[in-house]
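Chain nomenclature is as follows: A, B, C, D, E and F, assigned in order of appearance, with residue numbering initiated at 1 for each chain independently.
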Amino acid sequence: MGNVGAKEIPELFGPDGLRTDGRRPDELRPLKITAGPLHQADGSAFVEWGFNKVMAAVYGPREVHPRHLQENHKAIVQCRYNMAAFSVDERKRPGLDRRSQEISKVIAEAFESVIFAEEYPRTSVDVYIEVLQANAGTRCAGVVAASVALADAGIPMVDLLPAVAVGKVGGKLVLDLNKLEDNFGEADLPMALVPQSGRLVLMQMEGHMHRDELGQALDMGVAGCRGIYEKMKAALRDRYAVAPVGASTGAAQ
Amino acid sequence: MSDEVTAEILSTHILDLARQGKRLDGRTPDEYRRVEVEPGFVVTADGSALARIGDTTVLSGIKLEPGKPYPDTPNAGVLTTNAELIPLSSPTFEPGPPHPRAIEVSRVVDRAIRAAETIDLKKLCVTPGEKCWSCFVDIHVLDHSGNLIDAASLAALGALTHATLPQKRFGIAEHDIPLAVAHFPVECTFTRLGETIVVDATFDEEKAGQGRVTIATDEAGNIVAMQKGLIGAFSPEDVKEMAERAFRHGDRLRAIARGV
Amino acid sequence: MGNVGAKEIPELFGPDGLRTDGRRPDELRPLKITAGPLHQADGSAFVEWGFNKVMAAVYGPREVHPRHLQENHKAIVQCRYNMAAFSVDERKRPGLDRRSQEISKVIAEAFESVIFAEEYPRTSVDVYIEVLQANAGTRCAGVVAASVALADAGIPMVDLLPAVAVGKVGGKLVLDLNKLEDNFGEADLPMALVPQSGRLVLMQMEGHMHRDELGQALDMGVAGCRGIYEKMKAALRDRYAVAPVGASTGAAQ
Amino acid sequence: MSDEVTAEILSTHILDLARQGKRLDGRTPDEYRRVEVEPGFVVTADGSALARIGDTTVLSGIKLEPGKPYPDTPNAGVLTTNAELIPLSSPTFEPGPPHPRAIEVSRVVDRAIRAAETIDLKKLCVTPGEKCWSCFVDIHVLDHSGNLIDAASLAALGALTHATLPQKRFGIAEHDIPLAVAHFPVECTFTRLGETIVVDATFDEEKAGQGRVTIATDEAGNIVAMQKGLIGAFSPEDVKEMAERAFRHGDRLRAIARGV
Amino acid sequence: MSDEVTAEILSTHILDLARQGKRLDGRTPDEYRRVEVEPGFVVTADGSALARIGDTTVLSGIKLEPGKPYPDTPNAGVLTTNAELIPLSSPTFEPGPPHPRAIEVSRVVDRAIRAAETIDLKKLCVTPGEKCWSCFVDIHVLDHSGNLIDAASLAALGALTHATLPQKRFGIAEHDIPLAVAHFPVECTFTRLGETIVVDATFDEEKAGQGRVTIATDEAGNIVAMQKGLIGAFSPEDVKEMAERAFRHGDRLRAIARGV
Amino acid sequence: MGNVGAKEIPELFGPDGLRTDGRRPDELRPLKITAGPLHQADGSAFVEWGFNKVMAAVYGPREVHPRHLQENHKAIVQCRYNMAAFSVDERKRPGLDRRSQEISKVIAEAFESVIFAEEYPRTSVDVYIEVLQANAGTRCAGVVAASVALADAGIPMVDLLPAVAVGKVGGKLVLDLNKLEDNFGEADLPMALVPQSGRLVLMQMEGHMHRDELGQALDMGVAGCRGIYEKMKAALRDRYAVAPVGASTGAAQ
């Protein structure tokens, strides 16, 4: 998207109908989730997804900073999605640009939609997402990482939040865009699903998608999310398998 | 009674009404407030429009200036969209650096304009890699009674539609020419009130709302941008239904913004 | 003022002694004041003056932000004079530059000189002035708009504050400079008058004015303010004529 | 006794004295404290002066650097005035971005220097539209016992009067030459204490004051800048009378700043 | 028991142990926790390394871009070191502009790299005064369990050691070449606990500490940077002794960072 | 230091072994300390050292700003080391750059190491250092000035803090680098001494110093500090000699 005036569009499908990285249209990139890699955070997760590397940490429920944001009847979720200077081809100036601030906002709202916020009035649940290596799909990787980190921190939630983008590439709908597809595709539709209710709590879209394609795109994304959901649960099971509950509490703090 | 309690009671009332398919101001769930777009409001701008949706008022002004293409798009002009939620327009806005909600408004409007290829940025390139036109879309909220995104989108589209390339001001040509507008995206925003999903929520409805979805459509049957915001959840069926509603409203809103 | 090294000075008076826009030296530009155009603000006004378009809104008396500015025995006035990016020929970067901050300060002090601040201790009266289209004289237009907005908000004041600039152009004193005169004139002297006491609460000046000219310039400005005062009162009368008191309260909030 | 009460009592006393034409430090209403200007205080600057009015101390330093003319004044150099009200100089100043009162000081001083055409900016143009000298007037307040504007104005004028164009440092010519100063504006500030208007108010008098007016005059009988500040009101007659007083004080202050 | 009281008790305990030459985690005063450096962690960087000292984890990434030499060093490339103490890594870090402690980490690491002439900046000059390579060393703290400076220094050195000049990305040459690293400075940080001075303090030891000294050494027997920080005092004899310890640890840390 | 790629290194010693400004290797530049020159500050000092001119002022113990930095059991020291725009050859942009922030931090920590902070819980001692003219060694000049200002303000301290840099120039260790030596030398080691205990509370170093040279460098610096210490005490004696205690209290406030 957004590459108006850029170079020629490369071929994005092989003669076998497979994508540039050999995937089928509805196939995810390799996804590896590690729960609890950090020691200072109350909960954490590291996600390697395609060529993305994303770390998430959760602190809280804790005192709200700045204080005036505090709410009397519930916890608030504050999210900071940040890209490391070296995570992209051209060095990114440190600090949150407008894109990062927008993503931080929609991710915070997504999690606030599933957390039992009333249980911790006057507190903040702080979600930090650091993109260390970026290759398309970092916001979805961030949501997946943060969701596992929240579970690792023991924050009560309706459900985990798997997330994935559906894109339109060379006129076809595909799941989980890679960087080339993101650069030269026609549409990008990231979403995050509450598997338990089948509803979306995060959804953005940019590009061109015909009204007739929307239904199929959503269905493809929901199916993708359900696959990711299994990997998230497995990561949390692995976390407890390695370190039994009593020990893990210590390790996570 | 504290403000918080009053707001709570109002929200409950709005949700009660919604359960019966009703709204506080008598509208149906799928009905917009009165929509008006007044182009040319500001003569210092190269294009401008004042959009009103009910009591919500948003002014957009376009400025075109000589600039330099981005290195990765050497053949294209530069488009920048900026929304100012100035404290004049609402007791809930404070002075200071742009709040994330202002950034969200500008980015959602920008995304629709950009994705719909509203203006052909290649035509704003003068010398590839060297010189181009920079197009600034500035959005100034004047009165915030809810549904800022749709109002901002209408104001921006209205302003672009009537904008001129100020070739004379910069000594490039003898005469100004119209900025060529190729596509006409409009945003349509929905708010969940219980199981009812209403269009064009008022400020009070937004406060009672349980999630918001904005869908931008163009004149050719494409969805060009979407944004789910605020706390709440929507099923894929909800989204499909909202998209159809967005196309229905889109045709009328587009006509108003274009003044045709 | 300030156009050192700029192009040649154009002719600013016709052979008939009239100005470039056909006005006599002591004649105001057309002035239209609308009280109460906004719905969110506690009080508001829109001023079209020559080619200026200025909106003002008032909120308060309300809690002071930031809190440490609060005063125990009186209300404070906070003013934000801001120019829209598209209000001038060359796009202005959003945000308050130094000029805007200085103007905000002197306008706040002008209003704090006429408001019965002791009636609302520990509160702030917030005055917002937005210049939407600028053509010389925006600070005076802002004072006029804000003053009507304060009255519309029901803030108790000694009096309304009419304001106008006197300038020196081609060696002659003139009232209410237009943009051309402002660019090529020799002096600019904006002022705001308390009609009831005949005193000035805002006054700035820049340029060259001989010591012998000052008295006449002040007299011309005071007379101009008295004319503007009548239009301000009329605008407020119109506001109540259209919407009787009970209804207007609702509309203004 | 709280600080607030003490300050209140002091203000009342100052106003009582003023009613009798007296001041706390024994001066008459139209009398300045001792005024001194010491040029050349800082050798790293291209011009500098330390101005003292009573206990108030302000240091100004000039820096001249190669720059680029503004597009709308291609034939003129660039003048920038900046005042720093650093927290070293007063318990009332805090660290952080420039406070509006610091901005006011710098802008009022700048306005007088600029309007009086103190330095002929056209002479600072090297190549029209391309190259010029940028002249920075930096004002550093060291000790704030009231009347900062006048002290800052004297320091700036003193610094400019003795400044040199550092042609050698930038390899432009073999020798530095003096910066040509054409006019000599000085600011004179008045404070209302009841119906008495005093010149050169101390910090305590400023706190008790009911409005402030600064009038900058040049050596040729012109008023070049004015600024009314703080809470208070002045009649046109007050302004005329202050202007005459400003001219009387101006001649003496000018001589001190020029060191003649 | 309040957090403050708990921290106080822990600090007292740490100081008691130190008096007996012991530490909470069983180490001797002159013993580091396990040290690991993993190069190439981030492929988008031109060089990167993840350094771990016990639970402390720091990631450094190098980026090289075309730039312009500073006017006073026309024959040298530009080196910039930046450390981000992001709130993800510790409950004590807050979002916002860089805190002085983040600035200190980046400046102390930068000082060692620069003074040791780790990379020959002259080789990064392309056209004197016109074109050069700008080398950015970005340091991202991921897990802060104490001794950030040493971990940051190891990560930065590890990243530089394995970095390449991205000539291909910028169309300068067909192939990338390794960034030539000439010297290998490492920092070694000491913390006073009573009269005992320990190396590689944990977060809790730092809180109990009475002063901190960092000494950077190179492979040739030079001290290239030092920094005393926090509240506390050290005798010249303390400093000499710490320097000798820094050289002893330096050889081992250097080998780990270089991966040799 | 840090002049990689700069011009040729000039000769830094004469044939007589003396330095470019005629000093012996262990000789200080002329140093003049004036205690109490300012009227608003609770304590102040002005230091002229070689071609440096540095002013310091102390306020406090007073309320902590911002409030959240307050400590319950002791005073904190806040330091702001700032360089005037005109204090260096190339105009410095106003505001604290990263170097100034680092120096502010280490100076604050140095003073917090010698002040009896427990005597003033919940307060701040604010130390302001303004470099008006810079010529190498400004941080040490700032420490000396601030230390005298603290004494002038009557803040209880273990001792005064003399400070000086030792450098390595042309392979030799020298005391108190001047600008030329600082630009072309091989190492710079500024330090601040507590004379009473013989310990250092500030120490930084940059450059190349062989492990065998460190001891001599520290000894040279300590000896230099002891000389400066005498001048600091003399300046404080002069302050009281001129104005007897009762009077000086007034003058300092």
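To be clear about the criterion, a contact is a pair of C-beta atoms (placed from the backbone, for glycine too) under 8 Å apart; a residue touches a chain by one contact, two chains touch by 3 or more.
Note that the coordinates shown come from a computational prediction; the quantities given were computed from them, not determined experimentally.
Path length between chain E and chain F in the touching-chain graph (shortest route): 1.
Between the chain pairs A-B and A-E, more C-beta pairs are in contact across A-B. Between the Cα centres of chain A and chain D there is a gap of 57 Å.
Taking each chain's centre as the average of its CA atoms, chain B and chain C sit 31 Å apart. Rounded to a whole number, the gap between the C-alpha centres of chain B and chain D is 48 angstrom. Here the spacing of chain C and chain D, counted between their Cα centres, is 26 Å. Taken pairwise by the contact criterion, the protein chains form one closed cycle in which every chain touches exactly two others. Traversing the ring of chains that begins at chain A and proceeds first to chain B, the chains occur in the order A, B, C, D, F, E.
The residues of chain D lying in touch with chain C in their complex are 4, 69, 72-76, 98, 100-101, 103-104, 106-107, 111, 114-117, 121-122, 125, 211, 213, 217-218, 221-236, 238-240, 243-244, 247.
Across the interface of their complex, chain F is touched by residues 41-46, 48, 55, 57, 59, 61-63, 65, 82, 84, 86-91, 94-95, 136, 138, 140, 142-145, 169 of chain D. Here chain C touches chain D in the complex through residues 1-6, 72, 98-99, 101-102, 104-106, 109, 112-113, 189, 194, 197-211, 214-215, 218-219, 222, going by the rule given at the top. Residues of chain F that touch chain D in their complex: 38-41, 51, 53, 55-57, 59, 62, 65, 80, 82, 84-91, 94, 126, 128-130, 132-135.
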